[in-house]
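Handing you this structure, nothing more for now.
Lettered A, B, C and D in written order, each chain numbered from 1.
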Amino acid sequence: MNSTEQLLSYPRLDPLDPVSLWRGMVWLRSYDERAVALQRQGRIGTYATFWGEEAVQVGALSAIRHSDWMFPTYRENGIVTLRGLPLERAWSYFRGDPGALFDPREYGCAPQSVPLASHLSHAVGWAWSRMVGGHDDVALAFFGDGATSEGEAHEALNVAGVMKAPVVFLCVNNQWAISTPVSRQTAAKQLVDKAIGYGIPGERVDGFDVIEVAESLGRAVERARNGNGPSFIEAFCYRIGPHATADDPSLYRSSVDEEHWRSMEPIGRMEESLIREGLLSYSQAKAYKEAVRTTMLEAARRLDRLPRPDRSWLGKGTFASEVFIGGLTGEEVLS
Amino acid sequence: MNSTEQLLSYPRLDPLDPVSLWRGMVWLRSYDERAVALQRQGRIGTYATFWGEEAVQVGALSAIRHSDWMFPTYRENGIVTLRGLPLERAWSYFRGDPGALFDPREYGCAPQSVPLASHLSHAVGWAWSRMVGGHDDVALAFFGDGATSEGEAHEALNVAGVMKAPVVFLCVNNQWAISTPVSRQTAAKQLVDKAIGYGIPGERVDGFDVIEVAESLGRAVERARNGNGPSFIEAFCYRIGPHATADDPSLYRSSVDEEHWRSMEPIGRMEESLIREGLLSYSQAKAYKEAVRTTMLEAARRLDRLPRPDRSWLGKGTFASEVFIGGLTGEEVLS
Amino acid sequence: MTMVESLNAALDAEMTADDRVVLLGEDIGTTGGVFRVTADLLKRYGSLRVIDMPVSEAGTVGMAVGMCLAGLVPVVEIQFDSFAYPAFQQLVSHLARYRWRTGGSVSMQAVVRLPFGGGIRAPELHSDSPEALFCHMPGLKVVCPSNPLDAYSMLRWAIRHPDPVVFMEPKRLYRLNRAWFNTMPEIWDGWSAAIARQGSDATVVSYGASMHESLAAAELLEQDGISVEVVDLRSLWPLDKSAIIGSVQRTHRLVVVHEAPRSCGVGAEVVAMVAEQAFESLRSPVVRITGLDTPFPMFSLEKEYIPSSELIASIIRKALFK
Amino acid sequence: MTMVESLNAALDAEMTADDRVVLLGEDIGTTGGVFRVTADLLKRYGSLRVIDMPVSEAGTVGMAVGMCLAGLVPVVEIQFDSFAYPAFQQLVSHLARYRWRTGGSVSMQAVVRLPFGGGIRAPELHSDSPEALFCHMPGLKVVCPSNPLDAYSMLRWAIRHPDPVVFMEPKRLYRLNRAWFNTMPEIWDGWSAAIARQGSDATVVSYGASMHESLAAAELLEQDGISVEVVDLRSLWPLDKSAIIGSVQRTHRLVVVHEAPRSCGVGAEVVAMVAEQAFESLRSPVVRITGLDTPFPMFSLEKEYIPSSELIASIIRKALFK
């Protein structure tokens, strides 16, 4: 592994190459850590960290190909950098920068969804359209344990079942929705039980195990690609960090619990086993992590140099043609 | 059985007295037939007939007691007459008469819900409130197979599971949602499978068999009353008539099918078995049906004599005090 | 042609012209929709282009958003006005903003057809007029035809338009009158109002079914020697400001008529816009004749709720020409 | 006291006074809500009166409707403005109409608290100002405080009021300033606007966070010798018409300021109402200073979107006193 090469771009994921998955997780962790640092330094605003969910994201992404699309939430805000969105653009979203918005067709990735579960039906519509257009592309849609309670999750899952839309619904059960534990979210024994009510296959996986995630997703993606419709995967993990930088988990959960789950976080475990199996050396690991860290630091510097948007950005892109925008500020009315 | 007595009031239902259940079904059928006739004669507007669903409604109602509440849809528009709402008032709803609206506390019955599935959360809120208030009352909420696809059904069922609200969710699977067959509504093998995803008990019953419905509902009601939370009952039946008087089912389903299901309708079957078992004689049956028919005809005449509402009814009852209604017609602004 | 027929013809024409156009909604296939606007289209275009959806309004509009992402042109039918409410989040947080959320890159070329308004003796919650909600929420264009000709040319425009259009269909007009046309009308320009009747003493601005009441009121007033100009907005957002202002500059008096509740309705916007931009032309107080700020009534009272031609004429007479 | 504290105090007072009052919402229990408005209430009143709900906005508002049916007094917290949209059907088809649907018999004595508006550097869809939607839909009362004192007295009123109240809480003011009061303010009357500043040359009508910009603009204008009266609506529906008209009769000029999009906003209604009912008092065109008819921007641009005191002052100067 050549660290300068790695500096140039994001790691490519191959589900059959565990080292590539480890690299992907390191990339995301480093992205996440840098973002938290940027937030603390006041260089970006409130940020949603995903510490502990690297295995879910990387495992899932490794299971799809480039023409498949992702439909992430705010929690998967960095995943699109694994498809080439410049790091600083991804972070600039949290600086409230409209330049962070991108063309989904360029990266095969929808904009991160803020209203919970409401993006799932978009995945259904996109995937169904590809299918009837004669393509065998698949949509990978992320949503949380909390989002399963929303009516919109239900409608999307149910419609996908009826229409056999090639969608993999990946429920990231990190056990918390802000301060609400999953036990207060539903009386179901496990979230994956909901699949039965939609007549679609369901699987539950260890979300801290990137290989298990990749394999399960691989099966679901194949089903979808072969015309066998959607699946519901529950990736069981833990939200190790706060809900977002503004949140204080000590108000609602015990640090003992946090400690327990933190000790099981996916990257360290995997690194140990790769080293044990001789697929990775300690020094390679260290060098790669260092290289990624440098990449992130450079990107952070580029973030600071991004131009600040001015007033002319207001409303930009709302309409295809801006000829007939009716509402203007009084200022403009008078000018 | 004394026919004049029956003329005076609606039949009381006793789940242990099959004849009372038969009487209830006859009452509803006669109500329904009269309403269809009134519609044909132009004495009421569009009407939603429930032919074939008498066993579901009567079986369910027989399983609850007076302090339990019903949350019906437009399809169960007549059920409240089995709790004493005058027949002509029930029908006057279809004449667009605001006088048809009633105080739910008087009859233990919410207003019929028009927006599908949106009343289910009301049942949850009411039932939970009764429970925490120290009462052991139960809510009986009706909804259709089509309504199961709505996000609001999901939210209500899920919340009820979490909060252990004493609600019986009775899904009347009459196999059609206007022109959409249940097979296009969900890929689930059976609607009752959805219960699993909410962690609540589910049962599927023959909705043409009033005894089976009453027994199943009895179990669900007991669970709820004893603090064991909600249940999901799927009553499998068939919408024998059109969706409503304005609908033409020949556009979307075969008359052979209709014929098949019509032959299984609940009242005739039960009447035969009651006569066979000696619980009812042919002449008693005939006399009762005649008496109910007379009651309905008299009510229909009272309907015609109900006062027609005038302009003063506009907006009446929107607010507790009508002092500050801001919007007035130009007429009123000028007067 | 009735409006139902001309809408059907417009859908048919666009589906033939552009095979990206797909229809989705409840009961639009085999039955052709509860109002038969999509009649026969399933037969003609098949079930991949005319899609009977489960009863899921939010899921349906969300699915349309996803279809736009994939380059299709979805036309959604919501069965009745108030059943747009369960889809409200999809309409205003997604359909309306998705182009913006993709930095202006992806067109939400979609139409949401919304049969609306009272006057057909429909049950509770089947007679709402929610158009102002969509005018207020940024990112949607909102249009409303008042006759079969416009219905045709406007729907064809809406389907071709790259931005999402809420297409308000006045149920009461579906079968009210017929228009005969030998050649089909041209495709609308997407924003212009129409002067439906010329006059000199007052401008009445209206749209949809209220246009018929307004025109009838103008007839009544003519008998009293009052000459009323009637402007059919057609586009509710954005407004054709110059048509409205031009008329007010000629007549110096403004009346707006609609069936929707008054507060923060389209009428409020028309009045406010004129009071800002053509204040000097106004010679007397403006007048709004609208539905009440109360729920649409049970249908036996709907004629009392909906502004009638008699009411409109009498208010105009009293308010402006007493 | 900050507004967060005074709202908390109002909830506390009403929960003590009336044990039918229950709170429901997402994360309102252990954390006391994302803005801490319900802090410590779980501890004080227990989990049967302070209910952490699953993430189900429609289900939560629907549950509140059912609670009203059973005689409780639910106070719902919606976490952020735009998350009211998934509950839209419950809000407008049920909560707003349920009394009417029961022939006027059952009170929907419920409050829906809605933190709204921009200015706190929040992510996408966390800064909307949807109040006009609720003003347009019949059956709801809509109120909005502009300071901690009013927040207290208005929330206590809202909880006691027998009709459903949408209680708009300007997030930007939550911790902006403190009010000191020895005795708690009296309970509001439920409709009256406040003259927040007297003046003679123009009337500025505003509410919520825009009140602060409007008052600051008035200071700026005073330096130019322009005396502006500032009216704080407090009730957005119904409007306190006599307060508004009274002020316009004194100043003869009307300006409305809000952060919500312009078309069919509360400002349109205020202008239209005055143009109908106090037209003769107006001496110059009315002016609306509002958010744009475009989505609320990514937050780095929010200061450009929200009407600022400088903008308000400069527009008033140019439009009315040039």
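Methods note: contacts are C-beta pairs under 8 Å (C-beta built on N, C-alpha and C of every residue); 3 or more make two chains touch, one makes a residue touch a chain.
Remember, it's a predicted structure, so these values are computed and weren't measured experimentally.
Asker: Moving only between chains that touch, what is the shortest number of steps from chain A to chain D?
Answerer: Minimum number of steps from chain A to chain D: 1.
Asker: What's the overlap between the neighbours of chain B and those of chain D?
Answerer: A, C
Asker: Centre-to-centre on C-alpha atoms, which chain is most distant from chain B?
Answerer: Following the centroid criterion, the farthest chain would be A.
Asker: Which whole number of Å gives the spacing of the CA centres of chain C and chain D?
Answerer: Here chain C and chain D have centroids separated by 30 Å.
Asker: Between chain A and chain C, what's the gap in Å when you average each chain's C-alpha atoms?
Answerer: Inter-chain centre distance comes to 40 Å.
Asker: Roughly how many whole angstrom separate the Cα centroids of chain B and chain C?
Answerer: A distance of 35 Å separates the two centres.
Asker: With chain centres taken as the means of their Cα atoms, state the distance from chain A to chain B in Å.
Answerer: Chain centroid spacing, chain A to chain B, equals 45 Å.
Asker: Two-or-more-chain contact residues of chain D, please, as numbers and ranges.
Answerer: In chain D, the residues touching two or more other chains are 54, 56, 58-59, 82, 85-86, 89, 93, 97, 100-101, 124-125, 138-139, 237-238, 261, 263, 276-277, 287-288, 292-295.
Asker: Which chain A residues sit where two or more other chains touch them?
Answerer: 98, 101, 115, 118, 149-152, 155, 158-159, 162, 184-186, 315, 318, 325-327
Asker: Should the pattern of chain-chain touching be classed as line, ring, star, complete or other?
Answerer: complete
Asker: Taking the complex as given, what residues does chain B use to touch chain C?
Answerer: 45-46, 74, 93-98, 100-101, 114-116, 118, 146-147, 149-152, 177-180, 184-186, 246-248, 251-252, 308-311, 313-315, 318, 325-331, 334
Asker: Contact residues on chain C for chain D in the complex?
Answerer: Per the stated touch rule, the residues are 58, 82, 85-86, 88-89, 92-93, 96-97, 100-101, 124-125, 130, 132-133, 135-139, 237-238, 260-261, 263-269, 271-272, 274-277, 279-280, 282, 284-288, 292-295.
Asker: Touching residues of chain C toward chain B in the complex: what are they?
Answerer: Per the stated touch rule, the residues are 26-27, 29-32, 34, 52, 54-59, 82-83, 85-86, 121-126, 261-263, 287-290, 292-295, 297-302, 304-305, 307, 311, 314-315, 318-319.
Asker: Note which residues of chain B are touching chain D in the complex, please.
Answerer: Listed in rising order, the residues of chain B that touch chain D are 69, 98-99, 101-105, 110-111, 115, 118-130, 132-133, 151-152, 155-156, 158-159, 162-163, 315-321, 324-327, 333.
Asker: So in the complex, the part of chain C that touches chain A is made up of which residues?
Answerer: That would be residues 48, 51, 53-54, 56, 58-72, 74, 86, 89-90, 93-94, 97-107, 138-139, 162-163, 190-191, 237-239, 241, 276-277 of chain C.
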